[in-house]
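There are two complexes below, and they share chain A, which is joined by chain B in the first and by chain C in the second.
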Partner chain A sequence: MTSPEPDFDVIVVGGGPAGAVAAHQLATAGLSVVLIERGETPGSKNLSGGVLYGRVLDQVFPGFAQEAPVERRITRHVTTFLTPDSAVSLDYRGGPLADPVNAVTVLRAKLDPWLVERAEEAGAFVMPGVRVDELLREPGPHGRPQVVGVRAGDDELRARVVVAADGVNSFLARSIGLRPQPPEHHLAVGVKAVVRLPREAVEDRFGVSGDDGAAHAIVGDCTHGIGGGGFLYTNTDSLSVGVVLRLDDLLRSGRTAIEVFEDYLDHPGLAPYLRGGEIAEYGSHLVAEGGLAMVGDVHTDGLVVVGEAAGLTINSGLTVRGMDLAVGSALAAATGVAEAIAAGDVSRDGLAAYRRHLDESFVMADMRTYAKAPAFLERTGMYGAYGELAADLFRDVFSLDTTPRRHLAKVALGAFKRSPVTVRQLVSDGWAGVRAL
Partner chain B sequence: MSTSQTVTVRLARNRFLLDEEESHIEIDQEVCRSTGTGKRLVAVCPAGVYTEREDGTIDAEYAACLECGTCLAVAAPGALRWHYPRGGFGVAFREG
Partner chain C sequence: MKIVVAYKWAPNPQDLEVRPDGTVDAGRAKPAVSEYDPVAFELARRLADATGGEVVGLTVGPAAIDTPLARKAALSRGLDRLVVVADDALVGADSTRLAVVLAAAVRGIGDVDVVLTGDSSIDVAEGQVPLTLAGHLGWLGLARVAAVEAADGGLVVERDLPAGVSVLHVAGPVVLAATADAVVPRVAGMKDILAAAKKPVEALALAALDVPAPGTALTTLATARPSQGERRRVVLEGPTAVADLVAALDLAGAR
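Up next is the complex of A and B:
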């Protein structure tokens, strides 16, 4: 018996940046492509913290930051150690970050429809409001089961290759045993609110103007010492504000994600930024933080996995990335899939072309560079003691109480002695940090 | 009034398309109880979907689900059946 002819060359499941860019590239290459999205409209299921490092997307859609619905260009990055009553920040402002565009804040329900429209414009057929229930598999030419399409409700669609861009839960790849469920210490829950504020208030409070914006990363008391951190990003006339909490630490803490999020929003360190703001939307997203250790297999017979579904996220402590890696993997996948189809071999050997392109791209280069970052960020000092130590030091420096002043080195030593941080821990964490970040 | 409000107030700002015919969450109370999964679900769910009764039974208010999948990540095998809602149903972000 011969299998029925495929309905499309490629089925892409998921209308986020990975799926939309893969569909765009494949359709541009002249292949017939269907993009299936479970949301009623593309973007309606998609949520991220909000910073997109846009250089790679600019290669796909030159000038996208002017045309696409993005919020603000980030020209100010602030990293803050927060304690219950003080804050120590590292604040970088840079004109060079504005041009060419480096990072932009985005709201996914606005950006993703634009990306999907680009795929549609290139010739991809878009099916919103459809949930893919399972992969169709049949015995392949090499005697192994081969993915030949998808089932959605009572409908079956067949294709030469399926691109799984179905997000962090990666149901499709997991259903055939390609990717394991990640361990809890490699996962975090992101909890976020979009808080509406007048445009002028956003600009005045964050010290930016025009289309420029600021990204704040916050660690320490804002998560009650739970591994992870807080973020506060400027949109055009709103803020994206939330926490990311490592699941193993959250479960150990005895607190709930809801309680930690609410305490964060009401923290005195955040209040001046949020005052008078109205919550416009509340959402959450599971975050994979395992880095390189979580990548594993990303292709098999008839299937490639891209974006978050492939475990492609990086938390370096200072930058948190997902969307740019999603786009990078989509480019590698589109090239590899087109080559495999052209060569008439969509088995896992033919689709290994995707893996080769991925390995050669900035995506895997960066995954390898930051391979040690997750273990480093699991070290506990980051989320409590170091912030306290820094706050203690600066209090001594700035609080002139008529006691005789001492040289900075002595003040630092005093703060260090009062802190629970040991020399050994500082040296060990310092060295690990130098190697990991 | 604090900015954070309560989870109920926050969820009320969202758009949801409720699937009245089908819940996408099913709990195996036996497995949930014997593995201590219930308390983990309550701790991690940002939407407060899961609540524990005094006798340890876990209730799931699926209409409030934000579809992140965190519950599934911490559930013991067999304690929870969680999938995305049917196409077009569930949370519909306008910001995202």
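Up next is the complex of A and C:
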């Protein structure tokens, strides 16, 4: 081979949780690593934040919840069905969620720089403010094109392996045809805002104290029947609030995402939480919603794909996960890439080590567990009629006019009869839900 | 020729937040090379390349200005080496004090021919540092510099002044403050950033510099947003709108 020597063992593109953790692990394993991030500082291209299910990150950075800039530990999960004028909630709170740390809210503008600093400490070379334009490919030892580096502007950098951690809709993976453009029904648009509130207001309104926090998942009228849902998370002195709308449904509805979002903020079930708050950040982001169906090829000759770029997100309707899967895939990739480099085979066959570790990890186990969730959530009843049904039921239970009280089962039956939901549909969705979630 | 670029590590204006009352919150802003300073880096690099000279970066401020990220951000913009004075005694330092410390560091670097700076900092924007620095060095100071070239054993400096462009020949050490649009600064590429990590950095201790104690106490009593002026609420329409607008601006003395 006449190819020039690589500048690094590994180039990681993208300074989010997946990229930072992959760079940290690879550098810790003694490899030379450069981490390229397009933002001037890591996290600066990242919107607000969300809930991080933190046990996997705790394996990488023991006690990270004490060290890292996290906002609150989630000890209260609330699921709310909205109708145009009512809200029915399931509220779970429990100490077991706090110890060991299960979920924390994070603001990515704070978390990402912290993770990247850990990678830098471990010896990775951090290169912010650089946008990668394309992958460099050359004929490989097996006659197939092999990824050998990246180009940004006039500069080229070469490496044995490139890790694409460049987020949903991975430009790098698509550019070489490894991953197809996701279909519209596998993509959703998230509209989010960070609303600043005094710390006491957050704690009083959400019934939490100290570093504890609450996460609300909201379904039903919050999206005007468009496939998707809403969320509301507590940060230290702000709230992350937003909706996730399925792209094809949104286009069909003729509404704009902003319209839906603004109606959502004004909903009587939500507005009291937000009252008097000041919008500090605002924006939108594409979200992969396809579940297992979106995880296709995640490695090829000289390249592995991790995190959201690999389609690793789960929306079960009750929890929306991305960051923990990103970290899990980064661990699998770092192990697999290190093995491939040690074995001197960074072709598709050598890098299959990543896929094996990924398949054995909790990441793919959970992706398989929730494989049916996207299809289940597509059943339109989940977004409309069930909210109405639940609201109707509770109105009958709590509205004490002078009519004699009926047994709860009869109330439920009455509400059910008024609802457009059929028995067949309820049973079918119930069974689908049990199987999917 | 030894050229010093004096720059500030300052909040990135993209991250600033204007509160409803008009005050500005920089609490969440991430730092960067102050927006008007890359012009000075570029002028310095071109001057050094033309004369076979050396470009030394210089920044002073609180301890937080000296991080690996901050070093690389400066060194990838065409510097040969970097000198940093980072000390928490400089938290909230006024422009005169910063200029005094810069002057001491320039003397410490030694044999400097030219100091180049931006027009003003992005966060304070008083524009006082360059000429105060010149005063403390006892050098000539020129603001509003649009171009600089080496010529006849000195420099030819073009200034963009309200009365027009003036072209000057300067012999001897000088502090030049560049206009914000003097030149289009280059964007650091991957190789620049990799090379930056290998360039020498010297951390000068504030205590080791010959810096006189500040003689004047300065306290900010209040800040308020600038007056917005009265809106005239005049709407001009129709085919003569442009001519009417010009006439109205003339009448208001705005042209």
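Going forward, the second predicted complex is superposed on the first by the 434 of 437 C-alpha atoms of A that agree within 3 Å, B and C clash if a C-alpha of one lies under 4 Å from a C-alpha of the other, contacts with A are read in each partner's own complex, and residues count from 1 in each chain.
Here, a contact is a pair of C-beta atoms (placed from the backbone, for glycine too) under 8 Å apart; a residue touches a chain by one contact, two chains touch by 3 or more.
Everything numeric here is computed off the predicted structure, so don't read it as measured data.
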(request) Go through the superposed model and pick first if A:280 touches only chain B, second if only chain C, both, or neither. (result) both
(request) Report for A:112: first if it touches chain B alone, second if chain C alone, otherwise both or neither. (result) first
(request) Please indicate which partner A:7 is in contact with in the superposed arrangement: first for chain B, second for chain C, both, or neither. (result) second
(request) Pick one for A:126: touches chain B only (first), chain C only (second), both, or neither. (result) second
(message) Per the contact definition in the header, classify A:157: touching chain B only (first), chain C only (second), both, or neither.
(response) second
(request) Could you figure out whether chain B or chain C reaches more residues of chain A? (result) B
(request) Kindly classify A:82 by the partners it touches after superposition: chain B alone (first), chain C alone (second), both, or neither? (result) neither
(message) For A:40 in the superposed arrangement: first (chain B), second (chain C), both or neither?
(response) both
(message) I'd like to know which partner A:325 touches here: chain B for first, chain C for second, both or neither.
(response) neither
(request) Mind sorting out which residues of chain A both chain B and chain C touch, each in its own complex? (result) 40-41, 44, 109, 128-130, 152-153, 280
(message) Using the touch definition from the top, list the residues of chain A that touch chain B in their complex.
(response) 38-41, 43-48, 107-112, 128-131, 152-153, 168-169, 171, 181-182, 184, 187, 189-191, 193-195, 238, 247, 250-251, 254-258, 261-266, 271, 274-275, 277, 279-286
(request) Name, in rising order, each residue of chain C that touches chain A in their complex. (result) 12, 15, 17, 20, 28, 30, 32, 68-69, 73, 187-194, 197
(message) Residue numbers of chain A touching chain C in their complex, please.
(response) 7, 34, 36, 40-41, 44, 109, 113, 120, 125-130, 152-157, 278, 280
(message) Using the touch definition from the top, list the residues of chain B that touch chain A in their complex.
(response) 2-7, 9-11, 13-14, 17, 40, 42-48, 66-70, 72-74, 83-88, 90-96
